[in-house]
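Okay, structure first, notes after.
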Amino acid sequence: MMQWLYKLGSPRHFYEMTTGFLPWLAGATFLLLGIGLVWGLGFAPPDYQMGDNFRIIYIHVPTATGAIWIYAMMAAMAAMHLVWNLKVADMVAKSCGIVGTSFCAIALFTGAFWGKPTWGTYWIWDAKLTSFLILLFVYIGVMALRSAFDSETSASKAASVLTLVGVVNLPIIYYAAVWWNTLHQGPSVLGDRDASANPPEIWIPAFFSGFGLIGLLFLIVILHTRNEILYRERRAQWVQELLTREPIHA
Amino acid sequence: MLAVDDLHCERDERVLFSGLSFEVKSGSLLQVQGANGSGKTTLLRILAGLNQDFTGNLHWQGRPRASVLTEFQQSLFYLGHAPSVNRTLTPLQNLRWFCALQGYADDEAIVAALTAQGLAGYAGIPCCQLSAGQQRRVSLARLELTAAALWILDEPFTALDRLAVAALEGRIGRHAEAGGAVVLTTHHALKTPWPLSILDLDALRPEAL
Amino acid sequence: MTRQALGLLACLRATLLRELQIAVSSPGKVVNPLMFFVIASALFPLSGRLDLAVLGSIAPGILWVTALLAVMLSMEGLFRSDFDDGTLEQLLLSPQPLYFHLLVKVLGHWLVTGLPLVVIAPLLGLLLNLPAAGYQPLILGLLLGTPTLSLVAAIGTALTVGLARSGLLLAVLILPLSIPVLVFGAGVVDTALNGLPVAGLFSLLGALLLLAASLAPLAIAASLRISVQ
Amino acid sequence: MTRQALGLLACLRATLLRELQIAVSSPGKVVNPLMFFVIASALFPLSGRLDLAVLGSIAPGILWVTALLAVMLSMEGLFRSDFDDGTLEQLLLSPQPLYFHLLVKVLGHWLVTGLPLVVIAPLLGLLLNLPAAGYQPLILGLLLGTPTLSLVAAIGTALTVGLARSGLLLAVLILPLSIPVLVFGAGVVDTALNGLPVAGLFSLLGALLLLAASLAPLAIAASLRISVQ
Amino acid sequence: MLAVDDLHCERDERVLFSGLSFEVKSGSLLQVQGANGSGKTTLLRILAGLNQDFTGNLHWQGRPRASVLTEFQQSLFYLGHAPSVNRTLTPLQNLRWFCALQGYADDEAIVAALTAQGLAGYAGIPCCQLSAGQQRRVSLARLELTAAALWILDEPFTALDRLAVAALEGRIGRHAEAGGAVVLTTHHALKTPWPLSILDLDALRPEAL
């Protein structure tokens, strides 16, 4: 286990490992996304209740769900970084922070623009939306802390600690939902409760775009991590060799 | 006492030292030398356990330091660039807390230590009203209050006048003579009655080889 | 008094005593958070013509938010001077159990900054027209909540102690993490004003305090180790 | 380019440029006040179950108070690094007219910290359910008010720049002085929401700005001379 | 140029100097000496006009300094303990602003001055990535960019290596030779080709009399 971890934890190994399956991941991602978005935005029939507005779902739901899970992933990476001092884990965590913040922001904005036609207001202080906003704040806090340090080592360690502290906060925020009654959709559109109201033409593209966005998420994280590896290891022998071997288009 | 094996440290992608191995034996006096920015402070902080950012092994009394950390810390006295003296408290209050961290209370010993540092009448005056040199002396009074065997001193002679420098040199020599060990840095030429070994970081640096 | 071995409790008392002595010798440390609390909560009634009933109904929120800000800003100095003068290194290197010393240090800081806020809060409640039913839950809530806020803020302080100009950064780190305390704390008063039972909320606040007291020292210690590095 | 004599305006532009360059190279300076503004104003709706109409009616107060706090906290760093690295002494010793350079310096700081607050305020207005009639007066009011707040806060910063840990002390000095701006600024929005004419209040805000712009640099200069001493 | 008459200064109820009179003439090199805390920095700051906390008279070119303040400031270059270099800006940006304060813009001269200080490739790198010595050099590059006749330098040799110290000593001598004036403090023994006068604050102190 530890052996495997250290192997995976070596930046070089991570870089070389991902070089292999990156094209596959990219291909699958764009295929899924393409099908999902074209189908969803272009061909799926309008919702019986919400009309064309519902098409936002194809972006809103996967980004919102992704932003939550990506925090969990970031926290796991932070823990690995602190416990085993794995540098790659920190680089992945940093990438997760950037992607998570963007996803969070996208979900918020799409949700808000969806809210106007459906609820009649852009924003409402209900549990789900509020906790999601707090998640965005926590993300931003981690990024702000990271950028405040001059030294890379201190920055990554400090960000890891804060990420883990933020985890403790998440379930608490979640349970705060008890104190409000929520206006936000539960697991409804995609759930089987009123599947009758939503024909497969709606939720199949949703699956495509959902998995597509998950793929995109991993794609961005991996690409960013690879960048980070090259930057931090720019003095290392293997990076030098790599850079001289491959022509760079700067 | 403290064995250092294959120590490697880089900061901001600059290797400060690499493959550094030595042992601090009981009764030894080790001076770490080098130009500004050569990594003396960094090395001392690694030895003291403040800086974790290195690779290599440290053994205390033959066992890995991490496994005997409390024991190690009980035997360690570290004096850094800063005097570790709170400016709003008095010397007495400062040293009382230091003793409490060591696990005991002994006001008489504190007053005696301050007197030995030439601060007889100053025990009750807030440290911000003391001069820089006097603050350093409050800090040095702790040498009399600790039972630690290993002293790690980073530029202990800063801001001291000539008499105080000589007294401290004597004290350091006596500690080594009594079976303790001292690792220190300083830019001035040490005059101690006890044999001194020197670790020159500039000479060790890869570029210099 | 000659050399006298001290147990853990006596050592912790020395740390507490030190924190209090420092506060006594720099009175701004005690007075400034209090003044901030008073002035900042007075800003709200000044910033609009609210009728008294509305003011009373938002008073719990105002008091809690400003208390949170006051605690946070006051924590900025918790480790600063220790960091600057090297005392922090001594604490980290001492063979003493760091966990308890940090807990006691935060406790000492809370006694001189947080507790006065709790004491003065009813007065501000009067100014903000807080209805009578709100005072007891306000005080008890702050009593349970401000130590939690101090502990959470101490993590942020420990993380940023090595950085210059950390005030706003501290806020950005700490405020999101403090929101649960705020929600429950202000919620207690709100609920009491609506005549509903508050025992559940109090136990939630208590649970948060226990959680913070047991976990925060670990995070503080880790953060300090990183900052001292 | 060879040596080229510069007029006063060009010299002032150099000071402005320097302020902006510093901001660009440490993004926290721009982002943190903004984040504080967003998070702190989100604290209020979180701290109680307000119905939307009430929330909308206190929104101007919340936005103005948090904007005030954000400006104040962001000013903490205005002269700090210049003081620490000795640049401040160079400015005080230069044969240039200090008055204008200080004015321009505060302007530069406002451009990177105050102006973003003004830009993002409408978004927060949406979150806080501010009625539609409030947006225009909110933006215009902040546009006139935040520079005044910056100028006033700069006096406090200049007075406390020599002191460590000045955050809370600054607040205690500055908040009382900022109250008029707050009262008129939040008052403008309030008045507009009630459908009353606001021109008078705007001209009061404008007058305050002119007053601050003409007098504050004198006070700042005097304070800096004292702090550098 | 600058005449000092009956200067008296006390700090925290301790008299630093009293009845101090001297004149800094064109072409003169004055070194202020004294132990730590004897008031060297305080005196230099009084001369520069940063410290107003004294009694006595200061004349610039024969007229009271207060009445010709702008003229005086145009002829003054002051270098304090701190390098006056913003850490987030680049040397070029820092020096551009310095020139603007002098009332001109001249990038070529800035680059030349940096090159003369051995910072040829560093004009565009943020100063926080420079070592302490390199930051001091950025600060010293300003000596080439100012037309001031009177230089007041507080410990200008701090953090410089041996070559840079020699270069600066030469530069100071040339400035005096060209009719300028330099007042400086330093703890090391100055070696300049130009005659040096010394003002010893310790010898002047009332207790010492």
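Observations, loosely collected:
Each chain gets a letter, A, B, C, D and E, in the order it is written, and its residues are counted from 1.
Here, contacts are C-beta pairs under 8 Å (C-beta built on N, C-alpha and C of every residue); 3 or more make two chains touch, one makes a residue touch a chain.
The structure presented is a predicted model; accordingly, all values stated were derived computationally and were not measured.
Among the inter-chain contacts, the highest number of C-beta pairs connects C-D. When you average the Cα atoms of each chain and compare centres, the chain farthest from subunit A turns out to be E.
Computed from the mean C-alpha positions, the centre of subunit C lies at a distance of 47 Å from the centre of subunit E. Taking each chain's centre as the mean of its C-alpha atoms, subunit C lies 27 Å from subunit D.
Note: centroid distance subunit B to subunit E, computed from Cα atoms, is 36 Å. The set of subunit D residues touching two or more other chains comprises 28, 32, 35, 39, 46, 49, 81, 84.
Within subunit A, contacts with two or more other chains are made by residues 137, 140, 144, 148, 153, 179.
Annotation for subunit B: residues touching 2 or more other chains are 53. Residues of subunit E touching subunit D in their complex: 48-53, 70-71, 73-74, 76, 78, 80-89, 93, 96-98, 100-109, 126. Taken in their complex, subunit D has these residues touching subunit E: 1-6, 10-11, 14-15, 17-18, 21-22, 25-26, 81-82, 84-87, 89-96, 225, 228-229. Residues of subunit A that touch subunit D in their complex: 112, 121-125, 130, 133, 137, 140, 144, 147-148, 179-180.
Against subunit C, in their complex, subunit A makes its touches with residues 82, 134, 137-138, 140-141, 144-145, 148-149, 153-154, 157-158, 161-162, 164-166, 168-169, 172-173, 176, 179.
By the touch rule above, subunit C contacts subunit D in their complex via residues 28, 32-33, 35-36, 39-40, 43-44, 46-50, 54, 57-58, 60-62, 64-65, 68-70, 73-74, 76-77, 80-81, 84, 164-165, 167-169, 171-172, 175-176, 179, 182-183, 185-187, 190.
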